[in-house]
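Structures for review follow.
Two complexes come next, and they have one chain in common, subunit A, joined by subunit B in the first and subunit C in the second.
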Partner chain A sequence: MHNQIASTLNSKVPGANAQALIATIGDSSVLVEAGKILDVCKILKSEGFNVLQVITGTDYADRIEVTYSLADFTSNREVLIKVKLSRGDGNGNNKETLPKLDSVSSLWRAAHFQERETYDMIGVNFIGNPDLRRILCPDDWTGYPLRKDYVVQEKYLDMVVNPAHKVNTEDHMFGKKLKEQIGDPKKVSASWKDSSGGNADEEAKDGE
Partner chain B sequence: MQDSVVMMKVDDFLNWGRKNSLWPMTFGLACCAIEMMATGAAKYDLERFGCGAFMATPRRADLMIVAGTVTLKMATRIKTLFEQMPEPRYVISMGSCANKGGPYWQHGYHVLKGVDEVVPVDVYVPGCPPRPEALIEGIMTLQKKIANERILRDKWVKHA
Partner chain C sequence: MSGGHHEENAEEKILLGDMEVLKSDLLTLNMGPQHPATHGVLRVEIKTDSEIVVEAIPHIGYLHRCFEKHAENLDYRGVIPFVDRMDYLGAMNMEWGYALTIEKMLGTEVPKRAEYIRILVAELQRIASHLLFFGTYAIDLGAFTPFLYAFQDREQILRIFEELSGARLLYNYIWIGGVWNDINDSQLARVKTFCDEFELNLKKYHDLVGHNKIFIGRTANVGILTPEQCYDYGATGPVLRGSGVKWDLRRKKPYGLYEKFDFDVPVGTGVKGTVGDCWDRYEVRVLEMFESIKIIRQVLEGIEEGPVMGKVPKIIKVPAGEIYLKTECPRGELGYHLISDGGKTPYRLKIKSSCFTHVSMLPEMAPGQMVADLVATIGSIDIVLGEVDR
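On to the complex of A and B.
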């Protein structure tokens, strides 16, 4: 199905550069050119994918991917459309330094809030969104919390976010200390990836 | 009972009235609020302790039960609500999140580490979430605290 969608997109949207990413584990998706997302969504909507389920973003440290989950209830199909964006500079509050993407809120009204959430959490500037403000965080918040390089602010208004007398800072480094003191990942239940390649339990690695 | 006289200390009389008509504010933040609602409902019946009248406005409430995660965004509102309550006012911090940040203690960029950072707390109820019995115990602890207040001496008699 994904190959078929990709070829349809390539024939109908010039420059879409759609390619099907067929996954062996997990969900397959269709990667398209970021600048053509509005045209791609228009075509897909006319092809039957008329329900926008979710717009979300992921920070992969070197790039940001925005995922659109579209559904076609009459023939029971779902497709994930992905676009890759450069990370931009998400440390300030300047919208201009964020990665830009065309808004699809002209096609689906539901996209409005989804785009606001993606903007709030990941920091993607959706061009053409009628009211791109933060939706979960307060309006005067700094930074985009789900970015990998997000730094927790010291203070919000007059409230200290991590007061020293409340937070057990020794426990912050628990995983790191464990790694230094014990050395052998097999001896502890919370394991980590061994540099020698012995134990590769990636999920349980707890280094800060 | 006509023409009869009851003699008691003014403090005791005021405290008796206050502790048996604690009106909480209708106000919940997260899953602890579900337990708070259960406490107020038929099975646990907060009305037995005189505090089942959940007031829809802070201006008629005596007690604020902070039930749930206090985010930084909400903290400013909680402070406003607390300031809108008339004195005497009491605060119960219900559940781990309101006590000290709960599971958000380490990576909770958005969570206030304890509601006592913004409002004074009288009773802490531990638990995640606390069972209705635990909240009732917290309320009874608060009632004991109120019963031991010395309003006249502390507030109106100078140089006591």
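On to the complex of A and C.
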């Protein structure tokens, strides 16, 4: 199905450069050129994909990937469309320095809120969105929390973020002490993140 | 507020006999963040022309805890208690969706008994969640009694869950590969008794509320959504079904053992007003509770002996790749978009919440309504702000 969608897109949108990424585990997707996303979505909507389910932004070291999950509620199909963007500068609160992408809110109104969330969390400037404001964070928040290099601001409106007296250090210390005492994290519970105390062979066996 | 100056002018103009002056300034009102009818910390900025809403702008984020960032720093098992805290009224369904996502990537086989228990708790949770909707919706519209009835029955479910998992609301019960704890025969017997009693009760409740003249007057022909609007905004769950679309993931993309089960998908038919009004959304939820009872009865008949936990590696490493998996939760479709780089923690876990989508529909539904009808509309889309803000 993905190959077929990719070839349709290539024939109908010049320069879309659609490529089917077939996965053996999980879901396959179609990668398209970022500049052509609006045209690509127009074609897909006319092909029957009437619902935009979600827009996911993912931050990688060298790029940002935005994934559109489209669904066809009449004939029960789903497809993931991906674009790659440069990272831009996501340190401040300036829309101009962010990577730019055309908004698809003219096609599905679901895109309006989804794009606002992606802008707020990952920092992508959706050109053409009617009301691109932060949605979950306050309007004057700086930085984009789901970027991998995000650092929480120390002060927000003269309030200290995460003040020391409100962090439950006792709890943290208790867990740390317990871990040191037990030695083997697996003895306590299955959900320890660190396996440093465990047997390396056993871990390798279990991990496979 | 327009202030005294404007009123003086208005008086002058009325003397002149100019009808234009009856058009007054718009009044901006804040509904929330602390408001009993918003079911949480939702703020709706409404612009009103006397009693009529001209514009409604939802402001969300008051409960934002950024679980997606938390998930990137936790191992795969550690995420489960966090997903509980999104829709805290449908925690079992939240867990199940997450567990399914990871299992599908790992290729884990879940034992039969665990699958049955999962369906059992998920459907009980659906009833508990819809009961809370039933009670609070009646309160929104001015009836207090149904709330007390609904909570009596909901309490029975919460007690069963408490015995099963040790918690009343946030369970951490469905684990990757199965469920945490086995269910025993006396608990199953209690579920059976509950079903028998509740089925009779629910009929009474539906007669009491659903066919009440005042209730119908408040909900019929209010907040109408067409299927096209639902598709445009991506609405799912009872909101979409209320508009007459027969779309239920338990039927359309069966997960677990739902394929084997016999149940109907109720849709709005516009009995009391127009298809897709508040009454239809109410009725869909009530009828869904009857269907859930049907499913639970089949679970009680079919449940098999056996283990409740499948073979899962002690340290879970999901192979590199991505998956978008959605399940049918009480409030609509919940999607997990997991992107893994092969490590011990998710690289990115995006959660698609149906309540977030439904909140975005308020600017579409509100204009032209009376302020009191806006309360009925917000109640009828049944949002939980923990899931909206994550």
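Heads up, the rule we're going with is that the second predicted complex is superposed on the first by the 164 of 208 C-alpha atoms of A that agree within 3 Å, B and C clash if a C-alpha of one lies under 4 Å from a C-alpha of the other, contacts with A are read in each partner's own complex, and residues count from 1 in each chain.
Rule of thumb we're sticking to: contacts are C-beta pairs under 8 Å (C-beta built on N, C-alpha and C of every residue); 3 or more make two chains touch, one makes a residue touch a chain.
A quick note: this is a predicted structure, and the numbers were derived from the prediction, not measured.
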**Request:** May I ask you to decide whether A:Ser69 touches subunit B, subunit C, both, or neither, giving the answer as first, second, both or neither?
**Result:** second
**Message:** After the superposition on A, what does A:Thr58 contact: first (subunit B), second (subunit C), both or neither?
**Reply:** second
**Asked** So, A:Pro145: does it touch subunit B (first), subunit C (second), both, or neither?
**Response** both
**Prompt:** Looking at subunit A, does subunit C or subunit B touch more of its residues?
**Reply:** C
**Request:** Once the structures are superposed on A, label A:Cys137 by its partner contacts, choosing first (subunit B), second (subunit C), both or neither.
**Result:** both
**Message:** Looking at A:Tyr156 after the superposition, I want to know if it touches subunit B, subunit C, both of them or none. Which is it: first, second, both, neither?
**Reply:** first
**Message:** Contact-wise, after the overlay, does A:Ala164 reach subunit B, subunit C, both or neither (first, second, both, neither)?
**Reply:** neither
**Request:** Using the touch definition from the top, say if A:His112 reaches subunit B (first), subunit C (second), both or neither.
**Result:** second
**Those residues of subunit A which subunit B touches in one complex and subunit C touches in the other** = 137-138, 145
**Request:** Flag every residue of subunit A that touches subunit C in the complex, lowest number first.
**Result:** 23-27, 29, 50-54, 56, 58-59, 67, 69, 73, 76, 78, 80, 108-110, 112-113, 117, 121, 134-138, 145-146, 186, 190-193, 195, 203, 206-208
**Prompt:** Quick one: in the complex, what on subunit A touches subunit B?
**Reply:** 137-138, 145, 150, 152-153, 156-157, 159-163, 166-168, 171-172
**Fill in**
Seen from subunit C, its contact residues with subunit A in the complex are 60-61, 64, 66, 68-69, 74-75, 77-78, 104-105, 107, 231-234, 245, 247, 252-253, 313-315, 317, 319-324, 326, 333, 335, 337-339, 344-345, 347-348, 350, 352, 356-357, 359-360, 364, 389-390
**Item:** Residue numbers on subunit B that touch subunit A, as the complex places them
**Value:** 72-73, 75-76, 100-101, 105-106, 109-110, 112-114, 117-118
